[in-house]
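Alright, structures below, take your time with them.
The following pair of complexes shares a single chain, subunit A, combined with subunit B in the former and subunit C in the latter.
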Partner chain A sequence: MTSQAVFVLFNGLASGMAFFLVAAGLTWVFGILKILNLAHGAFFMLGAYIAFTVGGAWPASIWSFVGVALIAAAAVGALGYLTDQLVLKRLRNVDYHYALIATFGLMLFCEGAAKFIWGTDYQAVMPPPEIDRAIVVGGSYISLYTLFVIGAGIAVFAALEMIMHRTWAGKIMRAVSNDPWMAGTLGINVPMVLMVSVIASFALAGFAGGILVPNQALSPHVGASFVLYAFMAVVIGGLGSIRGTFIACILLGLVESANATFLSQYGGIAIYVMLAVFLVWKPTGLFPAQGAT
Partner chain B sequence: MMKRRTVLKGIAAGAGVTLGMNATYLRAQTAPIRIGASYALSGVGAPVGTQMLAGTEIAIHQINRDGGLLGREVQLVTRDDKYNSAESVAIAREFAGDGINLMLGGSQTVTALGLAPLAPELNMVAIIVAAAGMPVTHELFNRNIFRTTANNYTQYGSLGRTLIEQNPEIRTWVSLAPDGDFGRDSALFFGRAVEKYSEAASGEKATVLDTIYTQATATDFRTQINQLMSSQAEGLYLGIAASAQISFFQQARSVGLYDKFKAIGEVGNSDITGKALGRNTHPNLWSICHWLYNQEPFASNPVSQQLYKDYVELKGDDFPSGQVAAGHRAAIALFEGIRKAETTDTDEVIGAMENLSFESAGGPVEFRTEDHQMLGLNFYSQMGPSTEEPYFQFNKVTSVDAVEMIEPANPGQPFDINELPQ
Partner chain C sequence: MVQNSSTSIQGRMTTFSPVLGPVVLTALFAFLFFAPMMLNAGLLFWVGMTMIQAIFALSWNLLFGYTGLASFGHAGFYAIGAYFTGAALRYDFQLPFLVVLAVAGILGALVALAIGVVALKRLTGIFLAVLTVALTEAMAKIIGLSKALGEQDGLGNIPRPIIDLGFLDLDLTHSHDYYRFLLIATVVTVAALWWVVHSRLGRSFRAVREDAERARFVGIDVARVRVISFMISGGTAALAGALSAPWTRIVTLDQVNWLASTQPILNSLLGGFTSFWGPVVGAVAYTGINYWTRTFAGLSEMLVGGILVLVILLAPTGIVGLLGKATRRIRGNGGKK
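Presenting the complex of A and B:
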């Protein structure tokens, strides 16, 4: 039992941090732009493919692996700039339904582009050699890559927390998020803040793709497996709240892990029960935005 | 009395009608034969479906190069079933509405289960290309469908037999399978065969542990991997397919599963897994093998040689997937049926195919008359890593004759392994 509890804890944290790496950019862009970006998973996928193309299937070291993930982040961030100029900018003053349709179309476009560039064959990237092994904790086999993902998730959360709550840039972003009109009248360059937020959100998706690619077979549909959980976490955490999303991801990961371990015959059901409970109990999420109803 | 002019008008009209009818008849006899192909070309089934389509396209190319069928060109009408049952039904209806009565489909069980019951209503000949699900030739059987792959019982029983015969020193086996009819069945058939043939292989009955289940489309297998690592088993049947299987190997390798399990039999990804994992392929990974152009008995088979030659020429790729042969074989079955029937009429083609035998890339095959199940040799390949591109290689191919491993024909009735003599 102790062994199983240890495993559930590590596995849950690993899943939760993987969800958070994907959800961070999603909740950021929603917080600022109030757009639910359905194409987020597709840009995560592009980040994974870019990392595969640059770094290959066998990363030489953990440093090159992280470096490649940062390159993927930069490349997807650049795509974010293009997307903002060509698509998202035009959606800022229209009904949110149009944004949903546009980002859905964007997702299809990205998947089609990935098929065209990289084909439909599956690819597999392995973890870098330093973390490509396991340790046994309490009788459970825990891969070092899993621990690395936990560390990466915590590091990204800490960085975002610091940026949002300890820097002028973060405070400006929060001001724009809360009241863009008032922020504009106070001299803040609102369009610039929005553009930077989009780029950062996309870069986070690209970084997540680069970091998580050793965990999943790479295909044009790889984003779907993560982004569903990311959407759940964003809803449970409170739309636009990075802190809430972080906690929600941990909860989702732990519930999913416990479900798979103790109720494997009902695989995957507990997470939906949890979502339903939160929607009834806290429909605006754990950390609702100001004025959320 | 009829006037001369009236008679001439009548003759002229009659001649016109006759000529018109003849022209229509002649057009029908010279117009291309249109064959529908419904494969998974997008979604999770795409890596398999696109390869099968390639095999079918090559078969069409070959038949047209040789002068066509019944003196007519053969045209392929392709649709994407998106690995979706409802889509496969819609496509079959579209084909029927478009006058197409000959089709290839059911590249996966999920799409075959939608397509099979529909074929009689649409008056079609439907070739089930690669779906192994038992209902196709049992409770869902109808005379319009022909299956050109082994069924689930034969396929995974033969895989289990192959694994235990090739690895008799492994005494404990376990399965990881998706929690659904197909997964449960394939794990059961595999385990029963391991038990049955282990005594002959090593003089002692092997132990088969309870199957561990997961979701077919799961992305995280750490819990199941931990269960496998904690088990006593040294042999594994892996019933999860497509991208899920590759994710499993990615996650399993890091925790030492390759060292623990001395042999793994997998559901049918074959070279798809090898291509993805490359030098990280398990060193003793056994798979269902449709075709390996450079290994015997395929290397000396003229159909196989021509398929490879045409594949390289048409696709510009030197490493064809084994799935190509599945699409090729299905198309040849239909061509031979049409050739034998000397018409494309549905009933005539069905009648001709019921006791048809033909040459495929894997040797001679035939249909069992009662349930239209294809019989022939089923091949199993062993692969492992390599130091040369594409960084995996096939080391061995073995075969099991379907006749030795198939259940008695029982069309219209559900299959129950417990009703078979043990």
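Presenting the complex of A and C:
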């Protein structure tokens, strides 16, 4: 029983942190731009493919693995700049329906491009050799890669919290998020802040792609499954709140993992029940952000 | 520019002149009626699917274009209709086919009522979008676990129905016969929707979309109008699904995921959501793109996705809006008031 509980706990935390790596950029861009970027998962997928192309299926060491993830982050960040200039910039002041649908079109475009470039076959990437083994914790086998993902999620969360609440740049971000017009009159370069946020959010998606690629069979549809969990986490957490999203991701991961272990005949249903309960109970999320619709 | 209501209403009024509309519709109906003699079986299948997609898109646009609510889980309603009809025909529920269709539509409307009563009052915007997506995904999971509904493999071998009218039997087992039934059902459904949006009810939908606050002042029960619109929309989407089951003869989980939900959105925007006929035009255009690019992996997604982004950025009123602009320019008033 203890071994099962330990297994559920670690697996749940690992999937929770995997959701968070994807959801972090999503909630950041929502907080600042008030756009729910449906294409976020597609850019995560592009990050995973870029990591696969640069690093190959057998990473030499954990350092080269992280390095490749950073290259993917830079590449997807650059794509983010391009996307911002071409598309997102023009969606700043339109009704959110149009932004949702335009980013959906963007997602289709990216998936099509991935099919075109890399084909529709499934690819597999191994974890780096140092963490490609399991240790025994409380009578249960836990892979070191699982612990690595948990660590990466916590590190990204800590970094974002530091930036948002302890630095001058974070203060500017929060000011723009609260009231872009007022921030502009105080001499803050608002368009610049918006652009930097978009690039950072896309870079986070690319980084998540590089870090999480050993977790799954890589195909052009890998983003769609992840981004749905990310949406749920962002909505439960309160749109635009990084803390709320972090907590919601952990909850979702644990519920999903417990569901898969103890009620496997109804696998995958519990999180939807959880979402429905949360939406009816707390319609604006755990930490409602200002200006969220 | 996008929310400018006066241009959208103007677009709706001036797109089709009073003479052109009926002529185009009659010609279209004649072509569709004689299509089985002109087209091969493969193409005829695409034409039938386009009609079903047109109804599906019209049902979504009733909600978005007329009432101002967006559902991102409309495939759920479609799947309710498709799975119910598939099961009714496959396991022979002993119900006349027309009753099966009616029950499918009512089921869709009832589910819409339940969601509407619980969620529509509390949730708006993105929360409603994510909830509708999640409910559809949950439904797909439940169907995937249900043995009677074919689990992951889908419900196959669905027989086509025979309609007993009392004095004669309409045998629809041949694809040409079912196709003609589908055509007539499409015409009746589209006519019914046309009637709804041009009735008093349809005007109250538009009043709610334009300004819910003012609509409330003039005595419209906004919440009730929204729920009714949601019910009609959900019921019509379920009917589209119900009509599709005997046509495709297989119902699979591919019709329940959230990508399937975006099909009516694509069609409506591509054709133009400000016009009643926009979703129909969009369904035809989308099928055309898909048909010509079907052999290239990834190309159709790139095209459709790219076109969608361009439509939103450059021509938010879609193909019909562009046509309307062009006619106004030709008539000489340059599209200006």
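Methods note: the second predicted complex is superposed on the first by the 290 of 293 C-alpha atoms of A that agree within 3 Å, B and C clash if a C-alpha of one lies under 4 Å from a C-alpha of the other, contacts with A are read in each partner's own complex, and residues count from 1 in each chain.
To be clear about the criterion, a residue touches a chain if its C-beta (ideal position, glycine included) is under 8 Å from a C-beta of that chain, and two chains touch if they have at least 3 such contacts.
Since this is a predicted model, take the numbers as computed values, not measurements.
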Clash or fit (per the criteria above) of subunit B with subunit C on subunit A: clash
Touching partner for A:132 - first (subunit B), second (subunit C), both, neither: first
Which superposed partner A:94 touches (first subunit B, second subunit C, both, neither): second
Touching partner for A:106 - first (subunit B), second (subunit C), both, neither: second
First (subunit B), second (subunit C), both or neither touched by A:15: first
Contacts of A:120 with subunit B and subunit C, given as first, second, both or neither: both
Contacts of A:231 with subunit B and subunit C, given as first, second, both or neither: second
Partner chain(s) touched by A:214 [first = subunit B, second = subunit C, both, neither]: first
Partner chain in contact with A:276 - subunit B first, subunit C second, else both or neither: second
Touching partner for A:265 - first (subunit B), second (subunit C), both, neither: both
Segment of subunit B that clashes with subunit C, given the candidates 20-28, 92-100, 272-280 or 290-298: 92-100
Where subunit A meets both subunit C and subunit B, residue numbers: 115, 120, 265, 267-268
Footprint of subunit A on subunit B - complex, ascending: 42-44, 46-47, 50, 179, 212-215, 217-220, 222-226, 229-230, 242-247, 249-251, 253-256, 272, 275-280
Residue numbers on subunit C that touch subunit A, as the complex places them: 2-3, 64, 70, 72, 118-119, 122-127, 129-131, 133-135, 137-138, 141-142, 145, 258-259, 262, 265, 269, 296-309, 311-313, 316
In the complex with subunit C, residue positions of subunit A that touch it: 36, 87, 90-91, 94-98, 100-102, 104-117, 119-120, 220, 224, 228, 231-232, 235, 239, 265-269, 272-273, 275-276, 279-280, 283-284, 292-293
Subunit B-facing residues of subunit A, complex: 7, 11, 14-15, 57-58, 115, 120-127, 131-134, 139-146, 214-219, 221-222, 225-226, 256-257, 260-261, 264-265, 267-268
